[in-house]
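See the structures that follow.
Note that chain A is present in both complexes that follow, paired respectively with chain B and with chain C.
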Partner chain A sequence: MTALERPDGTASGPHPTPAAGTRLDRWLGSYAERTHGMRASEIRALFAVANRPEVVSLAGGMPYLEGLPLDVLGDLAQRVVATRGTTALQYGSGQGDETLREQILDVMRLEGIEAHPDDVVVTTGSQQALDLVTRLFVDPGDVVVAEAPSYVGALGVFRAYQADVVHVPLDAEGLVPEALEATLADLARQGRRVKLLYTVPNFHNPAGVTLSAERRPRILEIAARYGVLVLEDNPYGLLGFDREPLPAMRSMSDEGVIYLGSFSKTFAPGYRVGWAVAPHAVREKLVLASESAILSPSNASQLAISAYLATCDWRGQVKAFRELYRERRDAMIGALAEHLPDASWTVPDGGFYTWVRLPDGLDAKAMLPRAVTARVAYVPGTAFYFDGQGADHMRLSFCFPTPERIREGVRRLAGVVSAESELVSLFGTGGQAVRGDVQSPGPDLA
Partner chain B sequence: MLGGSAGFPVPLVPSRRPTVHDRPPRGRHQEAPTVPHPVPATPRVVVLAGGLSHERDVSIRSGRRVAEALRSSGVEVSVHDVDADLVPALAETRPDLVWPLLHGAGGEDGSVRDVLELLGVRSLGTGPRASRVAWSKPIAKTTVTRAGIATPEFVTLPQSLFRELGAGRVMDAVVARLGLPLVVKPSRGGSALGVTLVRTAEELPGAMVACFAYGDTALIERAVEGVEVAVGVVELDGSPVALPAVEVVTDGPYDYDARYNPGRTEYFAPARLSDELAARAAETAVAAHQVLGLRHLSRTDLIIDAEGQPWFLEVNVAPGMTETSLFPQGAEAGGHHLPTLYRRLVEAGLAAS
Partner chain C sequence: MTALERPDGTASGPHPTPAAGTRLDRWLGSYAERTHGMRASEIRALFAVANRPEVVSLAGGMPYLEGLPLDVLGDLAQRVVATRGTTALQYGSGQGDETLREQILDVMRLEGIEAHPDDVVVTTGSQQALDLVTRLFVDPGDVVVAEAPSYVGALGVFRAYQADVVHVPLDAEGLVPEALEATLADLARQGRRVKLLYTVPNFHNPAGVTLSAERRPRILEIAARYGVLVLEDNPYGLLGFDREPLPAMRSMSDEGVIYLGSFSKTFAPGYRVGWAVAPHAVREKLVLASESAILSPSNASQLAISAYLATCDWRGQVKAFRELYRERRDAMIGALAEHLPDASWTVPDGGFYTWVRLPDGLDAKAMLPRAVTARVAYVPGTAFYFDGQGADHMRLSFCFPTPERIREGVRRLAGVVSAESELVSLFGTGGQAVRGDVQSPGPDLA
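For the complex of A and B:
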């Protein structure tokens, strides 16, 4: 409220002329430089509609939690507080609960990682680990090399630390080693400081592809040769549909890789528990950085997850999720083949997403309002690039809606694509006026 | 973002106890309405916010602001989305008044108000028929012209016409007739969604595609250069009164980001206008409010050109009420305490026959 307000509700006399206008933010001159690119995007506003049940949202990366034994989890949470409440509700270790760190080793062993509990740092979701690693390594202007496309939430963190992201192409077998080599060589010639290679090797978000076993050591070798630390982000690794997990890159290199894991996709994101495994010296700094950011990760969440891992058949639960998501993947791919023959898409063998290339001339961002009107939502491809590429792509998620809803969503999307194609051919151009982009994942887009 | 599939699951619960603002003071001109209704000491109001339009997010923010202000002035408020639970909830709780703060289709086109009428629930603001006229920018523009209000020359073209006649020919004719620059906007809708300022003929096709992503009909109007102002109008005691004009200055277009991300837009409330121009802007907004048959509150967007001529752009029957919105800024510039003003609007709604 302004100084002009009159609590008695009557109008004042002649209008005073303001000496200056207001930008409705008295701290405007105080913000850090890194905030200057922040925008209120129309895209985010459109996603507000996507939460309504009438809309088939193929946008969010939300796991299907109705698949969890919620009654059992409720009892567990109750027991944790009743029997270990003075620990669960107290501050904890900055590095994370020791028992949970040991259990995390069991989880990682499924992907061939042998580590020590001391190597693990528990974080508030792996998103916080991303933030901490970037804080430790990236000065403004430093280069982070990332896949093209890349996880929107990682790009948001890199942007916040004023990194420059350079994309390297993916193909059906993941990051292309030759392209990585060429990019790193080029950056070296320019004298650029490359600090991190950020990669999601399994069931990539958003591309859906997996880095082949054959390429993994080659990528590590190239990164090592150029002195670049690999940031292996692996939230989906256990969610493969057709085969056992491939060995993690961390299992091949203790010193060259920081590995990020998460319970968000294989269990429940609401607990906000993820972790990092880092070389010894890096891990020490990660703990210090985490303590300065959050003091300690939530003990209540850690103890609840620890109790779940100790007393429930979590491997069976992951298997159940894999079957559930495979059925949804099949529904998605089948519906795309039936309704969108002019588009092309990746066929993921795990995870949550397929990456769809639209027919020529279409811009996924410009088309989004029409999709929302037709009660279907997706994430436009430009969200997954640092540099405005990706307008002709969109990410479709099959994790949350049922197979019937997925088919209905794709059917609606086909109508949208057809109407937009007609419009674009009528005017001979794509729309350009939808401004802004998804700059951070949003809690349900991650 | 909102969580939960229920959308906006705020239960219809009693608000806080009435505060010192419970009894609003009577303004000098406040008179008893011609058809008096007993106004309860603690009116029970349902604020409608959300809906399925592209402006859902803005509507939710508007709804929260108004609900909070009303609570602090002793009104019992609940906020409800427009969903399958709404009709049973209204039937069960029988609120004294519904305040629709819906932006975009359904909320501003009068259809939700039609349903409220069917249910026999009283609502604040413009009735369904006048809402329908105001919601369509071309019809509103044509209507205000009859009252002698100037509005930029325009054409209204459905997408199908471009297909039938050839997009290039139609666009050439538009540019030949209206000149450049032009503003392309969906014929219905708000928050500048789908709106593009077109400076060259080459930009027109992209602007058309962006516009038609939001709706089937485009309004293309001659862009008028000048001071951009918004003038709120309130009816507290039966006759419409203009609030001080709010002037908007942006670096770049007054687009979605400029509207809702504080910092990019500079607001002058009241606008930096001479007394004479301020009076003309106020008269124009009141005249638009009257000729369009609007009720209780509205906001008219104008551009005042170098000759001092106010040009009518559009009118909003459910103006935005967010932290950065223009109507509340104008109200405060007019010396109004927002909770008291909103309560007085509620009382005006309750008193209306």
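For the complex of A and C:
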């Protein structure tokens, strides 16, 4: 049975999303193997509701853009098109604009990475880099090792390429080296082919924890020993609240790591510009794969970002974001302590998310419709596992709503949790236990 | 042996591009099956030279952008970011901006397509739509039927998904229905699974021919009878020189066709905005696949194009492009008649390309280095076949150089052909015969 065939979530919910094909789909018999079982997440429909203004969404990973100097950015966009339009509006290099690739080196230098512009491949957001790396390495049935929990959008990519994801626990210091070693040893004994170790080392999505400096070389050493390529996904690394960034894993290993970076969280996602840094031979293939997928990334987007980096105080903007998100983190953690004393949570020192463990017996997925009715939304923990774990957790985002709205959201959530807890104490269950579902919940959850 | 393993081009050329992996690639053993054999086209390095200003490139499919009102477009870009920045710079819908999808309906109505905004999926250029459709439908070993010759970028996608492409001849009226029927019948007898019929009906790339109105319903009927989904790729449809567009195949079949459209040739490629129109169930899966690949298409790009469509005379701009490209077509055809009387060529009534058959005994791929030395570039015909045919043809583009440069380019080309022909008459060959190579030649060849 391939990963795509497992019956995730198919038994849950009163209004199941239409499955892979209905009798109305004339092409049902034509789909590729990888497409069978592809379906919209059941929480997707809920999020359409959750996006209404009266709902406090603690679900999305959307950065807060109102702090950006939109007038200045508008002028930059104008200048790029008016003065460099025959380049900005033309096809470009499949690898990406060379000036931008040089500027990306400056960004990465903040995390200790020394690289050459030739090592960088610009992509349509780092999500496309995830897709391309998986395309290059993963055959159906291959194993990708990932943290437990792990970024929902990465799990979706691995599933799309019919990988099998094996989770390794993390704790307050990130991925646990001993657990990684044990898992890789076990997989080796089983003769499984492990292709990638996928990790979000900084301000983890969804767990909010950071891989300690001490563990980084150990993780690299273990991966190297088992011949596993490390896929270091680092959209949040510059958004630490309390200290300078830790050295990226890529700064310690040129050949053992593919590093993914993004402007989506430190600047803005709407241009869809991310990048990969890969060992030379892999980088060549990444460019070919990207050309096959999209010909070339948008020159208009790349030149706009390049102009921003060249003429604006982007370091100051990142600092402003750090302060903004720290204030929101404080609002979130304060409200949790005040209103949800029976839950537990991680206290992130950067990024967008905290990972909340519900009081015993509560099921975050089953509870979600009631929460949305109470005008608050979150992402149930099951979204972040390949195998249906995580029902006792939820991801709360503090990136987008104001501190006041965050506090209001947590208050509403506490009301829902309290009502659910009462049900549990009366009947022993707060809702139907359901399996995980990592199919695409939509771009809101980036 | 899968498609990826066939030894295309491996025996040719004095300086072969480094193959899939060298001893330097530590990850050589980790690549997926689909990645083996992936390599840069041998003509790629030549094109780096061909892009020098002293070379007349008749190779690229880059539209001529100097006719665009760049000042106006700059102002639009400014307004989008300054006044709608929190949308333009944010994540968006995986399916694409709804207003733009409505405007796309207006564009498609010019070719007789009636659809609903829900039927449209906006992609990162129509190349991404090609990639996603192939991802949804093609298992390794499945057959895609395509014209002979066929768009190099589509062949690259089919190869990336390990499809086997079977070519069907075209003539002056496009794809030949009888040949299609015979091929599908033959494949059915062999028990092969044919998933897609890929066709560029208008101003074919590279052949320059258009599928006649009379043949369109016949092709659809044959495809439907064999249960084959038609993938109608139509970037050039509005760029006819002499008459109104023919009705799209999609206008005759809602359920049997996936239609691909693009702003790259009728407006500008640098925003990387294309789209697919698909039957309902397929469209749902396309959105999910696109979210997995890139989360969402660029809002900044979509809003810029939407503003252009809403406030500029885009129909007038298309008309201006038609006149510009007609003049260049005339320059190209006139120069061919004057300088290359021993060759033959198609006379396109729209689009960017003519397809030239060389005098007997000449090999376009073997001749290319000499042409580049003579400061003129083209794409050898082998790039447009899956199986190494086409060495006696070349694609000449008249979209980008001015008429004067086109004439100069053809003059230079005639000098090379003449010298080659002399060699052939003396020694019986003008160069080494080589196999085809449809791996990515880079985005210049779109």
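Here is the rule we go by: the second predicted complex is superposed on the first by the 414 of 446 C-alpha atoms of A that agree within 3 Å, B and C clash if a C-alpha of one lies under 4 Å from a C-alpha of the other, contacts with A are read in each partner's own complex, and residues count from 1 in each chain.
Everything below uses one rule, namely that contacts are C-beta pairs under 8 Å (C-beta built on N, C-alpha and C of every residue); 3 or more make two chains touch, one makes a residue touch a chain.
Note that the coordinates shown come from a computational prediction; the quantities given were computed from them, not determined experimentally.
*Asks:* With the two structures laid over each other on chain A, which partner does A:68 touch: chain B (first), chain C (second), both, or neither?
*Replies:* Only chain C; A:68 stays clear of chain B.
*Asks:* Should A:349 be classified as contacting the first partner (chain B), the second (chain C), both, or neither?
*Replies:* Neither: A:349 stays clear of chain B and chain C.
*Asks:* Pick one for A:39: touches chain B only (first), chain C only (second), both, or neither.
*Replies:* In the superposition, A:39 contacts both chain B and chain C.
*Asks:* Looking at A:408, would you say it contacts chain B, chain C, both, or neither? Reply first, second, both or neither.
*Replies:* Neither partner.
*Asks:* Per the contact definition in the header, classify A:24: touching chain B only (first), chain C only (second), both, or neither.
*Replies:* It touches chain B and chain C both.
*Asks:* Between chain B (first) and chain C (second), which does A:423 come into contact with in this model arrangement: first, second, both, or neither?
*Replies:* First partner only.
*Asks:* Please tell me which partner, chain B or chain C, touches more residues of chain A.
*Replies:* C
*Asks:* By the touch definition at the top of the document, which applies to A:221: first (chain B), second (chain C), both, or neither?
*Replies:* In the superposition, A:221 touches no partner, neither chain B nor chain C.
*Asks:* By the touch definition at the top of the document, which applies to A:98: first (chain B), second (chain C), both, or neither?
*Replies:* neither
*Asks:* When the two structures are overlaid on chain A, which partner does A:330 contact: first (chain B), second (chain C), both, or neither?
*Replies:* Once the two structures are laid over each other on A, A:330 reaches no partner at all.
*Asks:* Going by the contact definition given at the top, which residues of chain A touch chain B in one complex and chain C in the other?
*Replies:* Looking at chain A, the two contact sets intersect at 18, 21-22, 24-25, 28, 38-40, 442-444.
*Asks:* State the interface residues of chain B toward chain A in the complex, per the touch definition above.
*Replies:* Per the touch definition, chain B meets chain A at residues 1-7, 21, 24-25, 27-28, 50, 52-58, 60, 83, 159, 162-163, 167, 191, 193-196, 205-214, 244, 247, 249, 255-257, 259-270, 272, 278, 323-324, 332-338, 340-341, 344.
*Asks:* Write out the stretch or stretches of chain C touching chain A in their complex.
*Replies:* Chain C residues touching chain A: 18, 21-22, 24-35, 38-40, 62-63, 65-66, 68, 70-71, 73-83, 85-94, 124-125, 127-128, 131, 135-139, 142, 153, 156-157, 160-161, 195, 227, 229, 255-256, 264, 268-272, 279-282, 284-285, 288-289, 291-301, 304, 439-440, 442-444, 446.
*Asks:* Applying the document's contact rule, which stretches of chain A touch chain B when the two form their complex?
*Replies:* Against chain B, the touching part of chain A is residues 1-2, 4-12, 15-18, 21-25, 28, 38-42, 44-49, 51-55, 366-370, 372-373, 375, 420, 422-424, 426-436, 442-444.
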